[in-house]
Each structure stands twice: as C-alpha cells, then as structure tokens.
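Note that chain A is present in both complexes that follow, paired respectively with chain B and with chain C.
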Partner chain A sequence: MDTREIDTRNYTALLKKYIETQDEQALYGAEQISKSFIKKNILPEEFVNLHIQALLEIYPDLHDKIKPSMHFLLEAMISYGLAHQEFQNLREKQLAIKSEILVAARMQKMLLQSKIPETDELDIGVISVPANQMNGDYHHFVKGKDGTISITIADVIGKGIPAALSMSMIKYAMDSFPENIMTTDTVLASINRVVERNVDPSMFITMFYAQYKPDTGKLYYSSAGHEPGFYYSSRLQKFKDIESKGLVLGVNPDASYVQDELNLEKGDIIILLTDGVTECRRDNQFIDRTEVIDVIKKYIHLPSQEAVNHVYRHFERLQNFQLRDDFTLIMIKKQV
Partner chain B sequence: MMNSQSCVTILKEWDIVAARQMGREIAKNIGFGTVDQARITTAISELARNIYLYAGEGKISFNIVQSLDTKGISIKAEDKGPGIKDLSQVMEDGFSTSGGLGAGLPGVRRLMDDFDIISEVNKGTTIVTVKWLR
Partner chain C sequence: MNLQIQIDEKNNESFVHLSGEIDVYTASELKEALLPLTMKKGHLLEINLENVSYMDSTGLGIFINALKSAKEHASNLKLVNLQDRVHRLFQITGLNEVMDINTTIRGVDG
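Coming up: the complex of A and B.
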C-alpha cells in the first residue's frame, strides 16, 4: 500500500469519526494530517480531491448537488496550489541569497581588514559595525617606512551592498598611491578623481585622511565633507571639533582640498567617526554632537580600544540594539 | 480514432472559455483524473488569457501525443503579438504574479510536464506544453 492510500484511509477514518462524534480529538487529528501533508508537499487541490474521495466512500450515494460543488472547490484551489509552490520556491531562493550575502560579507571583512599599527607613541582603538550584513564604512591604517602613520576613515552615503562594493574600490585605489610622499590634500584630490570616474553619480563618499608624523608630533589632515572628528587637548581639558573644508568625493573631478595640522601633545586625543555615531537616534530624534562627547568623556580614561567598545555599547543600547547606519569610531591617544 | 488535432481561435474573452472546454474534454478522453483535468484547464486559461491580453489575437491547438509507454495532451499557444523581450524574466517566479496577473508562465510550467517557449519581439510567441498521463 503506498503512502497516498494510507493517507486516504486515515483521512477517511478521521472524517467519518468526526461526522459521527464531532469531537475535538478528530479535529486535532485533522490538524496533524494537514501538517504532515504540507511536509509531503501535497497541494491544496489534492487535499480537496482526497476529501471528495473520502466523502464518496462514506456516502456512496452522495447528494448529486454536493459532488459538483466539491469539484467546483477543487478547481478553485488550483491557483492557491500554484501560489503555494511559488512562495516555497521564493523562500528557498531567499535563503540562498541570504547565505550568498553572508559569504560576501565575510569576504569583504577579509578584504577591508586593517591592522592597528604597532607604535609606542599612539594608543589606537577602533570599532566598526555594519547596520546590515555589509559595511559601507571604511577605515584603514598604514605605517610607513619612516614611521608615519596614515589614518583613513570614510563613509558611503547609503548602506548595504552598493556601499560595500564602493568601499572595496576605495581601498584598492588608496593602496595604489605611493607611500607617504603625498600630502593629505593630494591624496584626497587623487581619490576624488577615482571616485568621480568610477562611482555612480548618485553615490557620495565622505572621507577624512590624516598622517601622523612621529618626528614632529604633528597630525596633518584633510577632509572631503566628512563628519568632523574631535580633538581633546589634555592641557586645556577641552574638546574641539576637527574642522576641515572640502567637497565630498565624486562630485567634481577638479575639487581641491586643504591640508590642516594639529600639534599633538602627550595625553591629547583624536576621535574620528562616521555619521552612524552622530546620527544615532533616541525616540526618532537625532542625538547631539555634545552628547557624543559626553559619552566619550565617560570612558576617556580607559585604553583606546576599551573606550571605543564602551561607547559603541552605549549607543547600541540607546538604539535598542538596532543600528540604523554603519557605525565606525576611532580613538587615538598620544602616549608620549 | 478521433481527430487528433483541434484548435480554438482566441479573439474575445469568451474564447478562453471555449479553449478551456475543448482542452478539458480532450484531457478527460485521454483518461486524466479530475485533479489533472483542473490543472490542464488552468494552464490553458493562462495561455489563452496571455494571448487575449497581450497579443489580441492568436490560437490554442490541442494534440494527443504518444510516447513509448504513455500518452498525453500537447497544448500549443501561438500569436503574432509583440513578443517577449526578456524570457528569463517572465519565467521567473514572482515577476508576473506580483501585479496579481495570475499564475503566469512559471505557473503553466508547474501545472504541466514539458514546457517550451519561442518568442521574437514584434513577431510573436509560440508556447508548446505537454502533460503526460501517469
């Protein structure tokens, strides 16, 4: 006896029992049967057909108006069966896409990973967390042969896969620039031309690029419309915005940038971030930049990596553990 | 032996019903059960509706086909309409159904066993689909 016959028999028995007793147990049985049918991919029209067969067995001389009415129902079920199969197929596809994105995200992480350079002069901490699976924020550290430490932080307006793809391009463009012989403003001017040529005009990228020269203790920097970071002066015990003027990348191929500088003293701190930090929302209201400073102040005594982790956790909780934008925060403390 | 080819010209919405009727009758004679008859008829409806809605005019013809161990019904839908530019797209689940247009061509393929489509822009579309008796 094949499974179909068993199903038919069970169903008929159950239906018969219910017609006689109308008790809950038979209905529970119906629930179990329908679940097992779904597992076996039995379509609604086949279910209705089974019901017709069962009815005919129980009432061999079924009222001649009932039979066509059951057939009518069967015909009407065909489209439901198709919709059901379509949903199933789409669900499988969705799972496949999900796992594909997961692989892509892992690959992106590997491509874009940046080791924090080892240096006694600076204590560097960084945290970068994507809102979805793929990150549209970018940060990168390079230690040159002369000890110069270059720091890049960038943000694609938008998030998700298109943003993440643009970021991979930025990384390889940056890697191709000659090491340390360029000033920060020329680096931005060059990357601006790359972005302008290669990225969809509807996509904007902001970037902050800095070089720390250990021999002079100076930080040189330029910004392409990037969210201003913070400079903390340990002597004055005060925070100041790191302002630098420059157009976002990819708008005008001839944009030029300016190089500014900061004299770093022992205990001074540089904080770089993306707008995922400053645009954290509480009850749909953007938080204030001063609020970001208040949170940073709370953890500023900690080693940089611990401090940024704590700040992230604070904002993660503030947003009910659902980031709305990619979040990147870098903290650099001058140690000596 | 019965005449193995029959066809219905699709011009008005009412012709869809005529095509359904002829197809169901042939399917029944071949020996298809009620569930398969319903599936074949739904497929015919879908093909005829596509002609009516997108080509304006065309025809549906039926053939009884024979293989080594079984027989089946072959349905051919032909029109000289606008044709389909992107076949992969219309054969994709969720494309035609998202607008509530019905089962679409992926639905026809599911309801039947064999499915083949040839379409050329501005020349027309021919779909041949077969359901085998099991």
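Coming up: the complex of A and C.
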C-alpha cells in the first residue's frame, strides 16, 4: 500500500469520525493530511475527488442530488489547480534564478579579488561589503616591477547586476594598460573612453586612481568625480580632504583629468572610501564627513586592516546592520 | 519619502519644480518626466531643485541622462536653486563644470 492510499484511508476514517462526533482531533488530522498533499503536489481537484470517494464509501446510498453537486465542485476547483501549478513553476524558477545570482556573485568575488601587495613601505587595509548580493564597488591593487603600487577605488552607479557587469569591464580595461608607465590622469582619460562607449546613458562610474612611488615617497593621484578621501599628516596631526577635480567616467568621451601629488612621510595615512561610507544614515539623518573622521580617529592607532574592520563595524551598528549602499574603505599607512 | 514633479510648459520652455527626495525609488518616475522634454530641439528645460532635500547617485544618473539627451537633441538643460547637500554632489562629480547650474536661491540674491 503506497502512502497515498494510506492517506486516502486516513482521510475516510477521519471524515467518518468527524461526521459522527465532530471531534476537533479529526479536524487536526485533516489539516495534517492537506499539508502532506501539498508537499506531494496533489491538486485541489484531486482532493475534492478524494472527498467524493470517501463520502461514497461512508454513505454508499448518498442522496442523488449530492453526488452531482460534488462533481460540480470538482470542476470548479480545476482553475485553482492550474493556479497552484503555476505557483509551483514560479517557485522553481525563482530558486533557479536565485542560485544563478549566487553563482554570479561568487564569480564576481573571485574575478575581482585583489590581494594587498606585500611591501614594507605601506601598511594597507581594505574592507568592501556589498549591500546586496552583487557589489557595485571596485578596488584593486597592483605592485609593479619597479615597486610602484597602484591603487584603484571605484563606485559603479546603478546597482546590482548591471553594475557588477560593468565592473568586469573596468577590470579588463585597467589590466590592459601598460604597467605603470602611464600617469594617473592618462589612465583615467583612457578608462573614461572605454566606459563612455559601453554604458547606459544613466549609468556612470566614479573612480580614484593613485600610484605610490617608493623611490620618492610620493603618491600621485587623479579623481574622476569620486568621493574625496582623507589625508592624515602625522607631523601636523591633522586630517584634510584629498580634493581632486575631474568629471565622473562615462559622461563625456573627451574629459581630461589632472594629476595631483602628495609627499608621504612616515606615519602619514591615506584613507579612500566610497559614498556608502559617507551616505550612512542614522535615524534618517545623514552623518557628515567630520563624523566619519571622528570614527576613523578612534581606530587609527591600530594596524590598517584591524582599523578598517572596526570602522565598518561601527557604521554597520549605526545603521542597524542594514547597509543601504555598498561600503568600501581603504587605509594606507606609510611605515617608513 | 516621495518626489513631487510639477511641470509648467510655455511655448518653447518648460519649468519643472521638484520637491522631495530623488533616489532609487523615485528616479524612474523623474526620468520619464524629464526625458521627453529634452528631446525637443531648441527647447529650454529649467529644473528647480529648491525643495529637493536629498539626492543619491541614482538621481545624479537621471540628470546625466537628461544632459546627454539634451546635447543629442540640441535642447538646453538648466538646474536652479540647489540646496548645499545636493550641490555638493554635482561638485564632487565634476558635473557642475559640464552642466548649466545656477545655485542662487531666489529671495537671497533677488
């Protein structure tokens, strides 16, 4: 006897019991059976049919008018059955899409992972956390043959999958540039042309690109409309904005950029971020940039990686662990 | 929070008055309202942002889209009366250099 047959028997017994005693237990039993039927994908009209069979077994001499009424009900249930089947199909499809996105997110993570270069000169820490499955923030480090360390941080506007796809474009375009012989402004001008040709008109990318040259201790940088980072001077014990003018990528193919430079001394710190950090809200009020500095100050004595982890946790708590935007924070300390 | 879009069209000019927040939830509505107005040759589209208290980067994307469309169709796009927070976004992104932006709040400078 298969399980369905057992259910049928149970149902008949429960129905009989309920008709005779109106016992609540029987109702509970009916609920259990219906749950098990749903799991087995048994359609509503089959359920009605089961009811008819059970009724006929209990009352073989069922009133003539009742029988056709039951068949009438059975027909009426067929549309519900179709709706139920459609719901099942959608649920399966949804699961498939969900797992596809998960695969894509994992692939994106692998594709975009950037190892912090090993260097005695700089202590680098980075944290990047997506608000949804796919990250619209991008960061990348490269150490060149001559020891130059290049640092990229970017924010793709437009969230989710389209943003994630454009990120791969940035990565491949950046990888194709000849190593470190280009100045930071020409790198941005080149990547801007690639982006402009390839994005939707309402999409754009902000990017900050820097090269640290260990032989001179200088940091060269350019910005394409990116949220300004902070420079901490250990000598003055002061923070200031790293201002650099430049149009966001993807708006004008002929945009040009400027290269600025900073002389880094021992103990100086560079902080780069995306607007997910400065756009944190607390009780619907935005925090301002001085508040971001105050939080960074609290952890600045720690090694860079620990410091950025702490800062992230602070803002995560502040927003009740619900990120509204992707969050990326890079801290670079000059060690020697 | 919602975004209210009020459009007054006169001959070859449109004045759009926005109030509320421009973000990922209200951006597509704004895009649908603005884009057709940028597609008329020689048309002047003036957008008043006096009562826009917040705009995120998705909102900025809508204005970039409108700017590109205005260029393509030879119409003019002008933003007026931006609040500080919103104006800062145009400054950081360098868009203030390529867009016609007038930040004078009416009543302050006449």
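Assume the second predicted complex is superposed on the first by the 318 of 336 C-alpha atoms of A that agree within 3 Å, B and C clash if a C-alpha of one lies under 4 Å from a C-alpha of the other, contacts with A are read in each partner's own complex, and residues count from 1 in each chain.
In this text, contacts are C-beta pairs under 8 Å (C-beta built on N, C-alpha and C of every residue); 3 or more make two chains touch, one makes a residue touch a chain.
These figures come from a predicted structure and were not determined experimentally.
Bringing the complexes onto one copy of chain A puts chain B beside chain C with no clash.
Comparing chain B with chain C, more residues of chain A are touched by C.
In the superposed model, A:Ser34 makes contact with neither chain B nor chain C. Judged by the touch definition given at the top, the superposed model places A:Thr216 against neither chain B nor chain C.
When the shared chain is aligned, chain C comes close enough to touch A:Asp275, but chain B does not.
Shared-chain residue A:Lys245: touches chain C; no touch with chain B.
Using the contact criterion defined above for the overlaid structures, shared-chain residue A:Ser256 touches neither chain B nor chain C, since it reaches no partner.
Contacts of A:Phe204 after superposition on the shared chain: chain C is touched, whereas chain B is not. With chain A as vertex, the superposed Cα centres of chain B and chain C define an angle of 90 degrees, given in steps of 10. Once the two complexes are laid over each other on the shared chain, residue contacts for A:Leu74 go to chain B alone; chain C is not touched. With chain A used as the common frame, chain B approaches chain C to a shortest CA-CA distance of 21 Å.
For the contact definition in use here, the chain B contact set and the chain C contact set of chain A share no residue. Those residues of chain C that touch chain A in the shared complex are 24, 31, 54, 56-58, 60-62, 64-65, 67-69, 85, 92-95, 97-98. Those residues of chain B that touch chain A in the complex are listed here as 33-35, 38-39, 41-42, 93-94, 97, 102-103, 106-107, 110-111. Within the complex, the chain A residues that touch chain C are 155, 157-159, 201-204, 206, 224-228, 245-248, 250-252, 255, 275, 279, 286, 325. Looking at the complex, you find that chain A touches chain B at residues 45-46, 49, 52, 71, 74-75, 78-79, 82-83, 85-86, 89-90, 93.
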